[in-house]
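In what comes next, chain A is part of two complexes: it sits with chain B in the first one and with chain C in the second one.
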Partner chain A sequence: MAEREDIHGCIVHKELHYSVEDHTWVRPNDDGTVTVGMTDIAQGLAGPILHARIKKVGTVRKKGRPIATVESSKWVGPVKLPVDGTIAVVNETVASDPQVINRSPYTKGWLVRIQPDNLDEDLAQMVTGQAAVDAYRERIETEGLTCAHVADFED
Partner chain B sequence: MEDPEGKKILVIQTHGVQTPTRTYSPLFYAMAAAAMEMEVMVWFTMDGTNQLRKGAAEKVQLDPTSHVTLKTMLEMAMDSDVELTVCQQSLTLWDMTQSDLIDGVGIMGATSIIDLSLSADHVMYF
Partner chain C sequence: MPIRVVDAGEVSGLRSQAAYHGVARAFEPTTPNTIVVLTPGDAHVCIGFHQRVAGEVDLAYCRREGLPVVRREIGGGTVLLDRDQLFVQWIFHPSSLPRQIGQRFALFTAPMIAAFREFGIRAEYVPANDVQVDGRKISGTGAGAVCEAEIVVGNFLFDFDHERMARVLDFPDDTFRRNYREGLYRYMTTMRRELGKAPGRERVKSVYLKYCAEALGETLVSGEFSARELEAMEATESRFATREWLHREGGLERPGRKIHADVWVYQGTESTAPGNIRTTVRLRHDTIDAITFDCAFPVQESGALRRLESELRHVRLAHEPVAAAVDRSKIHLGPGGLDRGDVIRAVLGAGAPASSIVHP
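And then the complex of A and B:
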C-alpha cells in the first residue's frame, strides 16, 4: 500500500511526482515509461466525469500540452502532460467508464503511459514525497479546495 | 476520428442576460474546443452583447446552489484561451463603449465577422 496523506479530505500519494499547478501525477515504471493521471484534487474539482477523450498512441507531446480532454456537467478542460514524450499506451477503460477517474484517480483511473524524452529533467521540476504534501497543503488551504469522493472511491 | 487540433471554430452568441439558460452552453462548447487545442473565438452580437457590460454577468446564475455565474463562465473561457470579441455595431446599439466592457474583450467591426466566418473551419451560431 502506497504511503498516502489525507489533506482536508484530499488524498496525495507520496511516492508519485506531481505537477501541482496542473493537478497531474507521474509514476515512473520499470520499463522506462511513466504513467500519468489526474490527482484526487483534479477529480474533485471536476466532479463526476462524463466524457474523457485521450489522444492516440504515438502522439508526441511537449509538457504543458494536452493529452486528454475531460468533461463533467460543470467543467470541461484539458489534462496537460507534465513531461515531454510520446504516448505509448492509453487506458482504454477511461473511454467506456470515465468515472473510473473519480473512483480511482491514482490506480485504475490512470490516463496514459508515456515514453519520456527528458525524464530526469522533467521530474526535477515536479514535487514528490513530503514536498508534494506540503505544496498541496498550501494550495488546498489557500484556495479552500475540497475533494468530493464518490461512494466507491478506492484510493 | 480526426484530431481537431489546430482547427478554427467561431462561436456566434446572440443571446444575453435576458435569457440566462441560453448563455452558458456556447461558452462551455467554446471551452471544450479550446481544451481540444482548437483556436476558438466567441463573437458576441445582438442581445449577446449585454452580458459583457461590467457588472451584468455576475447577476446571471443558473444554479443558485453553485458559486458559478455567467461572469465565472466568461472568465473561465478567457483562461482557456478562448478569444472573446464583441461586434462594434452591437456595442453602439446597446449604447456601450469599450469602457463599459469587462476586461479582456476585443472589439471588431462587421467586416471582420465575415472574414472570420470564411476563414473558420466551422461556425456555431446560437
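And then the complex of A and C:
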C-alpha cells in the first residue's frame, strides 16, 4: 500500500513524482517507462469526468504539451505531459469508463505510459515524498482547494 | 492590471467563436485578462469539443437553411447562436479565476444575474452553470482551458428561436423532437419573454460591464484585439471551417437530450408479447414531466394510452409511484394484451439513463 497523505481531504501518494503546477503525477516503472495520470486535486477540480480523449500510442510530445483532453459536466481542458517522451501505452479503460479517473486517480485511472527522453532531468524538476506533500499543502491552503470524491473513491 | 474589454460589435458567426479561441491562443503572461462582448451577426450551430456531429446535428437541415455548423474547443452540448444574443467571453489567466469550477461559474454569472435583475428579471444561479428564472434557463455558460488561458463564456438571450433549435438537432423520431420542442418552450426563456420587450443591446452591455467591474474588483479598460490575436482568430477560423475539424472523432455520448441542467428527454423501447412499446419521457429532476407511448401494435381500448400518459405526468420515476399511476389509469391489461409489468418496465426503462447523468 502506497504511503498516502490526506491534506484537507486531498490525497497525495508520497512515492509519486508531481508537477504541482499542472496537477499531474509520474510513476517510474521497472521497464524504463513512466506512468502518468491526473492528481486527486485535478480530478476534484474538474468534477465528474464525462469523457477523456487521449493521444494515440506513438505520439511524441514535449513536456508541457497536452497528452489528453478531459471533459467534465462543467469544464474541458488539457492534461499536460510532465516529461518529454513518446506514448507507449494508453489506458483503454479510461475511454469506456472516464470516471475511473475520479474513483482512482493514482491507480486504475492512469492515462498513459511514456517512454521518456530525459527522465532524470524531468524528475529533478518535479517534487516527491515530503516535498510533494509540503508543496501541495501550501497550494491547497493558499488557493482554498478541496477535493470532492465520488462515493466509491478508492485511492 | 486592469481588465481589457473588447467590444467587437457584430461579427460573423464563425468569428464570434474564433474570437475567444484566438485571444486564448495568442495569450502570453503579459496579456491582460480580457472580456469580449460581441453579437453573432449570423445564426450558426455550435457543437461541443468532444461531440460527434453526425447523429447530433441534422446536417441536411442546416445545409438547406444555410446554417453553418462549428465545433468549439470547449465542452458541453449543441447551441444555436444568432443576433438575438449578446455573447460574453472571459479569457483570463488561470490565477485570476477561482480554481474550483463551481466558484468560477458563480463569479462569472454574478454580473449577468445582477444585470438581469436590474432589468427586472429574477434570475438566479443554478449550479453548476445555469442561470435560470423560476426554473427556466435564460443563459447558458461553458468553460475550458485553451493554451495558457482559462475561458468562460455565456450569453444574454434577447430572444430565442425555439422552433429552429428543435429542428437543428438530430432526433430518433418526431415524438422525441416534439417532446424536446415542448420542453424548450417550457424551460427556456428570454429577456423578451420575461419583460414583454427586450432591453436595448447597448444598455445591456453597459449594465453588464458595470457589474463585471464590481464582481471582479478591477477597473475595466476599453481595448482592441492585437494583431497577433487577430492572426490567431483567422487561423482558428480556417481550422474550424474544415470538414476534418467538424467531423473529427467524437466520443462524448450522452444518453438523452438536455434542455437544461434539470430537464432531460430520453427514449427507450420495451419488447412485450404483443409488440414493442417505444416510450419517450421528459424528466424534470426525477419526475415525469411528459411521456408518450408509441406501440407497434393496436391497443384494445381507444384513448387508453393517452389516459396512461396523463396519469404518469408529475409522477416520480420509481417503481411504486409508476405502478400506482398505471393502476389509476385503468388501462385494459389482459390475456394477449399488455402486461402491467410491461408498462412499468417501459416507463422505468426509458428513464433509466437518467441515473447515469452526472449531476455536480
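Things to note:
Convention: the second predicted complex is superposed on the first by the 155 of 155 C-alpha atoms of A that agree within 3 Å, B and C clash if a C-alpha of one lies under 4 Å from a C-alpha of the other, contacts with A are read in each partner's own complex, and residues count from 1 in each chain.
The criterion applied here is as follows: a residue touches a chain if its C-beta (ideal position, glycine included) is under 8 Å from a C-beta of that chain, and two chains touch if they have at least 3 such contacts.
Everything quoted here is computed from the prediction, not taken from an experiment.
Once the complexes are laid over each other on chain A, chain B and chain C cannot both fit and instead clash.
Of the two partner chains, neither chain B nor chain C is touched by A:Glu121. Annotation for chain A, partner touching more residues between chain B and chain C: C.
When the shared chain is aligned, chain B and chain C each come close enough to touch A:Pro78.
After overlaying the two complexes on the shared chain, residue contacts for A:Glu138 are found with neither chain B nor chain C. By the document's definition of touching, both partners, chain B and chain C, reach A:Arg53. Looking at the shared chain after the overlay, A:Arg65 reaches chain B, while chain C stays out of its contact range. Once chain A of one complex is fitted onto chain A of the other, the partner contacts of A:Asp6 are absent, as it touches neither chain B nor chain C. After the shared chain A is superposed, the part of chain C among 57-65, 219-227, 255-263 or 345-353 that runs into chain B is 219-227, by C-alpha clashes. The residues of chain A shared by its contacts with chain B and with chain C are 53, 69, 71, 74, 76-78.
Chain A makes touch with chain B in their complex at residues 53, 55-56, 65-66, 69-71, 74, 76-78. Only residues 3, 28, 31-32, 34-37, 66, 68, 80 of chain B touch chain A when the two sit together in their complex.
On the side of chain C, the complex with chain A involves touching residues 48-50, 73-76, 99-102, 105, 128-129, 143-146, 249, 251-252, 254, 358-360. The touching residues of chain A, when paired with chain C in their complex, are 45-48, 50-51, 53, 69, 71-78, 95, 99, 143-146.
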